[in-house]
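Below is one structure. I have some questions about it.
Just so it is clear, A, B, C and D label the chains in written order, and each chain counts residues from 1 on its own.
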Amino acid sequence: MVGVKSNIFVKDKVAIVGAGLTLFRRRLLETPRDLAWEASREALSSAGLTLKDIDCIVVGSAPDAFDGIHMKGEYLADGSGGFNKPVVRVFVGGGTGVMVPVVAWWHVASGLCKTVLAVGEEKMSHAYPHPQGVFAYIWDPILERPLGPNLIWIFALEMRRYMHVCNASKEDIALVSVKNKRNALDHPAAQAAAKITVDDVLKSEVLVWPVQLLDISPVSDGAAALVLASESVARRVTDTPVWVEGIGFTLDNTHWYNRDLAYPRYLEYAARMAYKMAGIERPWREIDVAEPYDPFDYKELHHIEGLMLARRCEAPKLLKEGYFDRSGELPTSPGGGLLGVGNPIAAAGVMKVAELFWQLRYEAGARQVKKPVHKAVANAWGDLMQAGTVVVLST
Amino acid sequence: MSLWKKSRVSDVVHVEGRMETERYIYTPGPVGVKVAEALMEGRIMGVKCGNKLYIPAKTYCPDHSEGELVEVKGPWIVKSYTIIYEDMYGAKLDKPVVIALVGTEEAHGGLIHYVEVEPDKVKVGLKVEPVFRPKEERRGLITDVMFFKPVEHS
Amino acid sequence: MKPERVPGRYIREEDLRRLPGVIEYTPTARYSYSAGQALSEFLRGLKDGRILGKLCPSCRRVLVPPRVYCEFCFTPTTEWVEVTGAGRVETAVISYIGVARERLEKPEIIGVIRLDAPGHAENSFDFAGLFHKLCGVTEDDVKSGRVIGMRVKPRWKPVHERVGSILDIECFEPLQPREVV
Amino acid sequence: MVGVGWYGFKPTVPELSFREMMFEAAVRAYEDAGVDPRRDVDAFISCQEDFWEGIAISDEFAPEPIGGVLRPTMTITGDGLQCVGQAYMMIKSGAFNVVAVEAHAKPSDIMSPQEIYEFSLDPNIRTLKISNPLFQAGLDAVAYMRRSGASREHLAMVAVKNKVRGLLNSRASHSAKLTLDQVLDSKPVIHPLTRYEIAGFTDVAINVVLASEDVARRLGDKHVWVEGIWWATEVGTGAVEWHEWGRMPSMRLAALGAYKLAGVEDPLRQTDFSEVEDRFSYMELLSLEELGLGGGGAHRMLESGYYNPEGGYPVNPSGGSLSMGVTLEATGLSRLLEVVLQLRGEAGGVQLKDVRRAVVASWRGPPTYTSIVAVVSRD
């Protein structure tokens, strides 16, 4: 199986020791630099550290065309702590948020950085008339752009294919939105928390059938940050470090309309890579809690199956049985996910990893899942239905 | 590598295209609003980080602490300068433009702005002062200062 | 996470416009994209009313749209192979909004078409294909699922309107004309 | 580094799309390394920026042409050397054995380069509508000359040294038989820099394959070691005013990091030559000082001929970016490529005699203050 022929001997174990974020809102007054700075301060204070304790910086942010600045990584650098420090900016579309801790992992595991401040930021509200206009430029400029596609087309095409192959109904899928927006009622940064019903989803504005307004996560401004550290530093800083046991990332081919959209094989490849490193053989049994990427409600089901937490086409049935609820067998998006907390793209993936950080330390408060938790997985997704980024965490 | 290449220029197509969001409206941020309000009243702000003054004012200091907004009264001097004669396409400007980093003796950094002076008169250390737009034309942007001009020796 | 203070200040658009220090900017970013060897030939083919693919010598699949490499075998592709353009609908949707989310008066139906092309097994995960507008099908065909698997073919624009673009194909329509009731 | 490949080094490469250029470079690199990307390469790292490509989320296009489909592939928006830095960390972590790094540039497809450079400026500075977005180079050059005592003649000498040297380098399309007087008689474009002291643009795709020590030794004897690599950002583009004008702290910090990893204390003595940032003439001299290669004053060493190809410490024997052209995010890889070819004795017309260890230094160009330094050597 494709994956890392890694010599399992990994020099330095790596832990997350702090996490923080800003509010997620449709429009925040703060500049992109302010947002990166606010999230960084929250994460540093939660780890009991200051900026001078940080060796290296990893920034994650999606299209420059949202915040409205070319080489956005350089603009966000010092807001993320990068005064006179090594900084790189990670960009794999929607997969960026989880790719950030993956890149931070090798910064530490290589032995070159003892501590890393990893920041995800997105400010979509600068783009007028509507941030969605930016998605007109993600396509092949010669073969696809002339057709005037908008982003929701490609999600709708994928959702329709998943519904067809798995015989899943819009009612089945709407339950994800109901679950995540309910979970988000307990998240202090949430933008789109709500108590809704499947009926509300099915009555919301139809954008690109089968996708309706309440099937989608909102457009957001926001930032989230993590502090990662080597084992020696982590044990000094906290008595409950959360270990990054596995990393995985994969890109499928660019010609998205040359493959079956019913199943995210790229996510399975990335998950296998991370599980192999973490020594996990039966994820559907060994994983206690998960944050599968949910920019759209059907995507959470799609990714639960790609993460091998359920067999193909089985997620909708388990969802209906409450299997993925906070009180369920394998809680998913207990924090509220992108659908509930919000979707400032790169910060959204970091928010999901931060949620697992709090869950595994039993610090999620009202959001804490009922069952004991020890092993967790988060993924982000992006590009043209083609990026899978995965981290496996454990205590 | 493609096994075989056509190389007549007419064989290869180029497709025109743009990547232009219609318009951007940048939020100033909480500190940015304070700095903008000061500019509306003809005051240029710096930020005190510990005992060092940084120009211009920004939300946070290099150590990520929140600095203290402080008005910079001058005296303003040219700390470095350049003169633009052409743009990147090689088009000559009808009049050379003097751009300078304008700051104070002890402050770190400075404002990047225009200096209204003949190119052969500009030098590092030149004493200058800001010339503000009329109050009703100001919008809280750095362009509320139209340019700096040399201080006439009284 | 202690929720007492999560930083960030929400602001409504009309309040933002009234603040000092707000900057407006119109970007300029113009390009002349080089189509290269594969797509230049493909676009010329479209002008002639032909859909061209390229053969991968190792997996024997014809790739549409064509590229100079087979991304799975990492070998250069060899022969040009014309495909008929006939195929079947993999998935299809109905769009009621435009590029920047504005409502359309008339909805558009868009589909991914699995093209009949040599070397591809009937239901393989990977296939030669295009995504394009569908015509001659109703919203109900899409919602009911009848459209999925439907045999379709390209409807070409008249010769004098073709310029060497993906839009030289007007849309894909059902193989058998259906009296659309 | 076990293999290198490239396609281009021309002001324009009209016959291929950027994807096809990436494929050409990748095939050559994998042939040079003796690896099959679909079996032997563990990960693929691409360095690109959306607004250079004209595509939002441009990393979508990375995997296919370099053999990364359904393999670990990701994108950093940075200079190609920062991607080599990621590969270095990935291999050191023990989780990856072979990593391919890609960067490419097709500035000839960009119809509005000035406006895109302007789009990288802080929105506040953009309101000034300064008619050449590279103005920061002028501010730095004036401050550097004032502090160091270097004169316009010294800057002109850098341009002449590199432009003329480049005539012997088949990868240097912007080289020219330039004379000192031609430079000094030419009116400046951005004071104090004349047109000859500002590098033009070049299309290229470059691919570099890195491997762990044991894999490298198994693959043959052409490998070149990355003994150390580091990068640093002084300030972000939203705080350029706070930059230390006339200095380059990002280059100094990057050098300290790279030298520490490579065990270098006195680079002038412990390395044989270097390829350093010279997209503006003054930056070669300022870089050399920040890299600890400036001795008593880089401009005096330059004047004495010390940095000439036959001098005590050759600098930019390839002709530098002034001769080869700026290749956007592939600029760092262009400098690295020239060093690898020198150390393998394959630099052709610009080949130096018995060189074993070198410094490579690159800057992401205005308005950034981010630099990357590597120490590279051969057994």
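By definition in this document, a residue touches a chain if its C-beta (ideal position, glycine included) is under 8 Å from a C-beta of that chain, and two chains touch if they have at least 3 such contacts.
Because the structure is a prediction, the values reported are computed rather than measured.
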item	value
Top chain pair, ranked by number of contacting C-beta pairs	A-D
Identity of the chain that, by mean CA position, is farthest from subunit B	C
Whole-Å gap between the CA centroids of subunit A and subunit B	37
Whole-Å gap separating subunit B and subunit D, where each centre is the average of the chain's CA atoms	28
Chain centre separation in whole Å, for subunit C relative to subunit B (CA means)	43
For subunit A, residues contacting two or more additional chains	27-31, 33, 41, 65, 68, 78-79, 83-84, 129, 133-134, 137, 141-142, 253-255, 265
Where subunit C touches two or more other chains, by residue	9, 11, 16, 23, 25, 27-39, 43, 67-68, 71-72, 76, 100
Residues of subunit B whose C-beta touches two or more other chains	1-2, 5-6, 11-12, 14-17, 19, 21-28, 30, 32-33, 58, 62, 141
Category of the chain touch graph - line, ring, star, complete, other	complete
Contacting residues of subunit C [partner subunit B, same complex]	9, 11, 16-17, 19-40, 43-44, 68, 76-78, 100, 164
Residues of subunit B defined as touching subunit D within the complex	1-2, 5-7, 9, 11-12, 14, 16-17, 19, 24, 26, 54-56, 58, 62, 79-90, 93, 97, 99-101, 108-114, 119, 124, 141-143
Interface residues, subunit A side, partner subunit D - complex	2, 4-7, 9-12, 31, 33, 57, 62-65, 68-79, 82-93, 99, 102-103, 105-107, 109-112, 134-135, 137-138, 140-141, 247-255, 265-266, 269-270, 273, 277, 382-384, 386-387, 389
Footprint of subunit A on subunit B - complex, ascending	15, 17, 19, 21-33, 58-60, 62-64
Complex contact set, residues of subunit D against subunit B	7, 14-16, 20, 23-24, 27-28, 50-51, 54-56, 109, 111, 113-114, 117, 123-125, 127-128, 130-135, 137-143, 146, 187-192, 195, 238-243, 245-246
